[in-house]
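Let me begin by handing over the structure; questions about it come next.
Chains: A, B, C and D, in written order; residue numbering restarts at 1 for each.
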Amino acid sequence: MPPTKKAGILGATGTVGQRFILLLANHPQFAIHALGASSRSAGKPYFEATKWKQSSPIPDNVKKLVVKECVAEEFSECDVVFSGLDADVAGDIELAFLKANLVVFSNAKNYRRDPAVPLIVPTVNTSHLALIPHQRALHSLSKGFIITNANCSTTGLVVPLKALQDAFGPLDRVLVQTMQAISGAGYPGVPSLDIIDNVVPFISGEEEKMEWETLKILGDLDTSATAFTPLAETRVSATCNRVPVIDGHTMSVSLSFARRPAPEPEDVARAMRDYTCEAQVLGCYSAPGRAIVVTEEQDRPQPRLDRDVEGGQTVTVGRIRNCNVLDIKFTLLVHNTVLGAAGSSVLNAEVAVAKGLI
Amino acid sequence: MPPTKKAGILGATGTVGQRFILLLANHPQFAIHALGASSRSAGKPYFEATKWKQSSPIPDNVKKLVVKECVAEEFSECDVVFSGLDADVAGDIELAFLKANLVVFSNAKNYRRDPAVPLIVPTVNTSHLALIPHQRALHSLSKGFIITNANCSTTGLVVPLKALQDAFGPLDRVLVQTMQAISGAGYPGVPSLDIIDNVVPFISGEEEKMEWETLKILGDLDTSATAFTPLAETRVSATCNRVPVIDGHTMSVSLSFARRPAPEPEDVARAMRDYTCEAQVLGCYSAPGRAIVVTEEQDRPQPRLDRDVEGGQTVTVGRIRNCNVLDIKFTLLVHNTVLGAAGSSVLNAEVAVAKGLI
Amino acid sequence: MPPTKKAGILGATGTVGQRFILLLANHPQFAIHALGASSRSAGKPYFEATKWKQSSPIPDNVKKLVVKECVAEEFSECDVVFSGLDADVAGDIELAFLKANLVVFSNAKNYRRDPAVPLIVPTVNTSHLALIPHQRALHSLSKGFIITNANCSTTGLVVPLKALQDAFGPLDRVLVQTMQAISGAGYPGVPSLDIIDNVVPFISGEEEKMEWETLKILGDLDTSATAFTPLAETRVSATCNRVPVIDGHTMSVSLSFARRPAPEPEDVARAMRDYTCEAQVLGCYSAPGRAIVVTEEQDRPQPRLDRDVEGGQTVTVGRIRNCNVLDIKFTLLVHNTVLGAAGSSVLNAEVAVAKGLI
Amino acid sequence: MPPTKKAGILGATGTVGQRFILLLANHPQFAIHALGASSRSAGKPYFEATKWKQSSPIPDNVKKLVVKECVAEEFSECDVVFSGLDADVAGDIELAFLKANLVVFSNAKNYRRDPAVPLIVPTVNTSHLALIPHQRALHSLSKGFIITNANCSTTGLVVPLKALQDAFGPLDRVLVQTMQAISGAGYPGVPSLDIIDNVVPFISGEEEKMEWETLKILGDLDTSATAFTPLAETRVSATCNRVPVIDGHTMSVSLSFARRPAPEPEDVARAMRDYTCEAQVLGCYSAPGRAIVVTEEQDRPQPRLDRDVEGGQTVTVGRIRNCNVLDIKFTLLVHNTVLGAAGSSVLNAEVAVAKGLI
């Protein structure tokens, strides 16, 4: 059975856009219907407009699609629009699409802090989709809405935190240090002179995003489903580093629980292994078999070896052990351009379809 | 004036040994007198016995030195012996050298926890040399003694911690996450298949060393100068990662102070900038101009750009800022094979000479 | 329909062995039946015996297979045995397997120069399988035989050379310079200190292999199918370099033809595009759709982007242009651990099955 | 004695400009007097205007120099002007400086093919400086002139070629394949996504430069010193690749001689070892001790280990051996941003001073 939902992709020539294309190329529900990019690219066949940087080739049915301008009229037939736009243009364009009654799943940061926009990691807080009726009412829309997904690093962090919060109650403090892949900066992104034989201990705005987004994602929706209540008692401290890795963000996490005594490492491991999310229960196509994979080997996860586990839609956790300073520490890995970007949007959209929102 | 002290180097063909050779090649006090390595290498001229991996060539006066076995008789003329031996053989050999009344500066971990052996980072705790008379008495030696230097990661960490402890009193908690260079594992060391486009989130025994050695180094010597009293109130938690960097360990550090209110970032920066150590006061040849370099740029220190500052004998600190979880966080960089290894031993020996111990 | 041929893998814990496992995990004809490795590994379940370095996980049906010693009795039920053994042990073991009337497809260099052993690149010279009856007669075997595949670099080179030889007659001179991936050296293989931020312009024995093997592979079988006649008029000069790339050997090739005038670049491109091989005609499962992929982009092929094209069983050629010194020059890429190693053996075996030899 | 010649640097904020600053910081003859960059940088102190990417810090006496616009009036006091300008602006600016009677040493490609502009590699063809009077006459200048240095890859190639041409007479054919460092592309230059775990087999315009510039540099000046006669009989074929190396271009070279019989590898090695150039004879400060370093080890030269030999002003050659296709093949290494760029200009200027041209 061919896919029945028409999908548009904004920012289709960028690295996130390229991932959207690969993820949707053989999707059972969504068919790539329209590609949007800057006016410089508009009018060209896709293969000419893009500098393709993926290790799989451009899907044949996409190669010659003519790229459009990112204006809502060009996407009016789309049941869903995935946005991989850069933040400097995403704000205006995504708002125009929303006002045109379109359904937008955005990777950009622009609306993540909007009190009427759900910030959703698909294996964590799809319950926040319940705010959509309120958002539609605010904008007087019949079917359109906008959902954002989180920063790539935040995404990796919140999955195991959610499992722990569900199992052991509130988290007290979370300290995370990242070692992030170059693909997170897009293309051309990080100059090679900056990163070969090197570490860059700074990524602009990234730490603030991790510290803030985590609280919204792990927080609640109020009973009327019209407002978010971010976590108030949990404190998050993030340090972000860039390392010479193509794909896959690795993070060292230390955390403490409000509950005393704190759970032991084996309890933590069990809680992560047992964790399941709504996207799995709903049987979504892109949902990972395991939302969290816990490794046994003492030197894992490693980005090159583990980033493609579960198609890149899981978070791999290893080295769960006691911490001398907080309660527990562990290492996690997330595929930053799959679950950390386009993969989140696609899975969010699948959940929205399953819930009848699209 | 030619150097007057004869120096031996054990493990001379390894990566630490090669660094010793470069550091001593033009040293004003120490002349390379004897090179020791395994029996496989003994009898060969040095350039044949070693696989030289440094970017400067083998010094001409060392090239044809015939490598000796690591037995004390062969080094009896040496005023000082630097050991870059691997831990699996260092224990026996260094002990035999000590019993032969030789002066040994060791990079190996074997005697670091020995209650009669000082564990010295030369820009931190050269005051611990005061225990030497007690050590000599224990072994009934007239001039021999053994000093160890710290693990390369510990070394980088304790320099700024010492500055903060001196300025603001006891540290409460220290959480550190490392991104360590491949040269720290020696040669052949880390297989390239393990580290290109990758991070390895585990280094065997490294976290324990950082957590334990820090307490001894930053602790006191008792009033009789016969025993060490490691820090009892400070808790250290370390997570160690290997990254694709040739030289230079980068670390993200978060810490809290016992004192309330805690110092602000600008106080911390000032204390680090103002920090001076005994090796500087004594005018030692290899002492850095600044024991700690504080960078202004928000994206520094970076290993490729900063590891050679002050000849690799300093620790560079940047991004000093408040931490949501503990008090303060910052990033540091240490050259792991200079200050983190051979450079520490050489500077320790210079201090020992200045104090009349050699 | 489940696979009907039982396959053994020798050297199963090494990097070539791991590739065999991935290639055979879901194979329609061959079922993994027995794994062999050194006596150090024998008796252990596979996942404990190996240091798995592939980005796909160990297939579930292989994980707990108990590793055997590499002795023929343990593999007597196998219809085909794939050998990823190192050269230092392959000679004796593979001979013993052959004498035990087993069918061996070897990656090792030991028998490549044997006048009674075909040296086969599956998209080039499967016609050489015709010598099998002669080989069996020599060893008085009813069903056993041994086939070797070529060195990984030779393999990449001979595919386009074969296309050109078929289209334009004898090659006169071939000059090739390689930029080879680290995975070609196995595990632990190339130390990271040797290759990060570096090129190593030497690979022991590699140039001789490329210069010699090419002549045998592109040569003929005599009319009685009892002897090979290597090319006598073609001269090959190879220079081999190691570069910091995980998988995929890239080569710059310049060559001249015997025929005058020489073909033009567009003729060469067409000949390569049109080239088909017997493995394709026979419809073999692992045969690439295109034995040679010719790229249009001026900056391709690139190992990271092109090595997985056609499942790694093709050779990608680009930048076909005139040469000021010889006639034509171009760049090629081969996946060194797929077509360049295990993938050749598997496809060779499929051809042998199709021809009724197994 | 302080330096007596005032030096200006154009394009001072770029990677070549940064190298100029390091090379001139402690120069005995040239004092950095003026820095020029784009109007975006002009007016700012140097440390604010540049993104410093060198592993040595900005020299103290340069840090606060105020950057000027690249107009001749601002540099009228300079005895010599070094240009690290990009080709898109170098043409007009350098011409204006020349017409203002200034002495310009340029790294840009713009005037390399000009029949009145010497294209000089300082360890090869400083005899071409004899054309300066003719150039001055053409432009009616009393002291100004312009000299260009060669492309970084050409520079590495011509040094050993010159030694061979001097020793054995005309070269017949030269085939060269490069593996070039990322620093050759400037900053930001090569995106890291393009080069980590990868090779890019194309550098725009580079092959043409190598094939053409070599003929001019190795050619003669006519007897009237008013025109160049490029080599007519030698054919050069170049293939250029980018590899993940920070600094240092490695090349595989095969060549044949006009003379028969051709020299043997040991003759070639001797000719290279014995080669000396005018810059050495004149005792120039930046002249290498050895213009060509011939390595003995079979796996050298390697960029990380050999690029800094002789301060980066030499060419290191290894693996000299017979070639099956041409006569001789070998591997060479040149430091692309020292001898291959700024280092050539500085040494050219030293030679010009020694010859009384400045």
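Note that in this section a residue touches a chain if its C-beta (ideal position, glycine included) is under 8 Å from a C-beta of that chain, and two chains touch if they have at least 3 such contacts.
None of these values were measured; they are calculated from a predicted model.
Judged by contacting C-beta pairs, the busier of the interfaces C-D and B-C is C-D.
For subunit C, the chain with the farthest CA centroid is B. Per-chain Cα centroids separate subunit B from subunit D by 40 Å. For the pair subunit C and subunit D, the distance between C-alpha centroids works out to 42 Å.
Averaged C-alpha coordinates put the centre of subunit B at 48 Å from the centre of subunit C. The residues of subunit C that reach two or more other chains are 53, 196-197, 244, 246, 304-305, listed in rising order. Only residues 52-57, 196-197, 246, 304-305, 307-309 of subunit C touch subunit A when the two sit together in their complex. Chain contact summary for the complex, subunit C toward subunit D: residues 173-175, 177, 179, 196-202, 211, 235-237, 239, 241, 243-246, 250, 252, 254, 298-305, 318-319, 323-326, 329, 331. Here subunit A touches subunit D in the complex through residues 15, 53, 182-183, 187-197, 244, 246, going by the rule given at the top.
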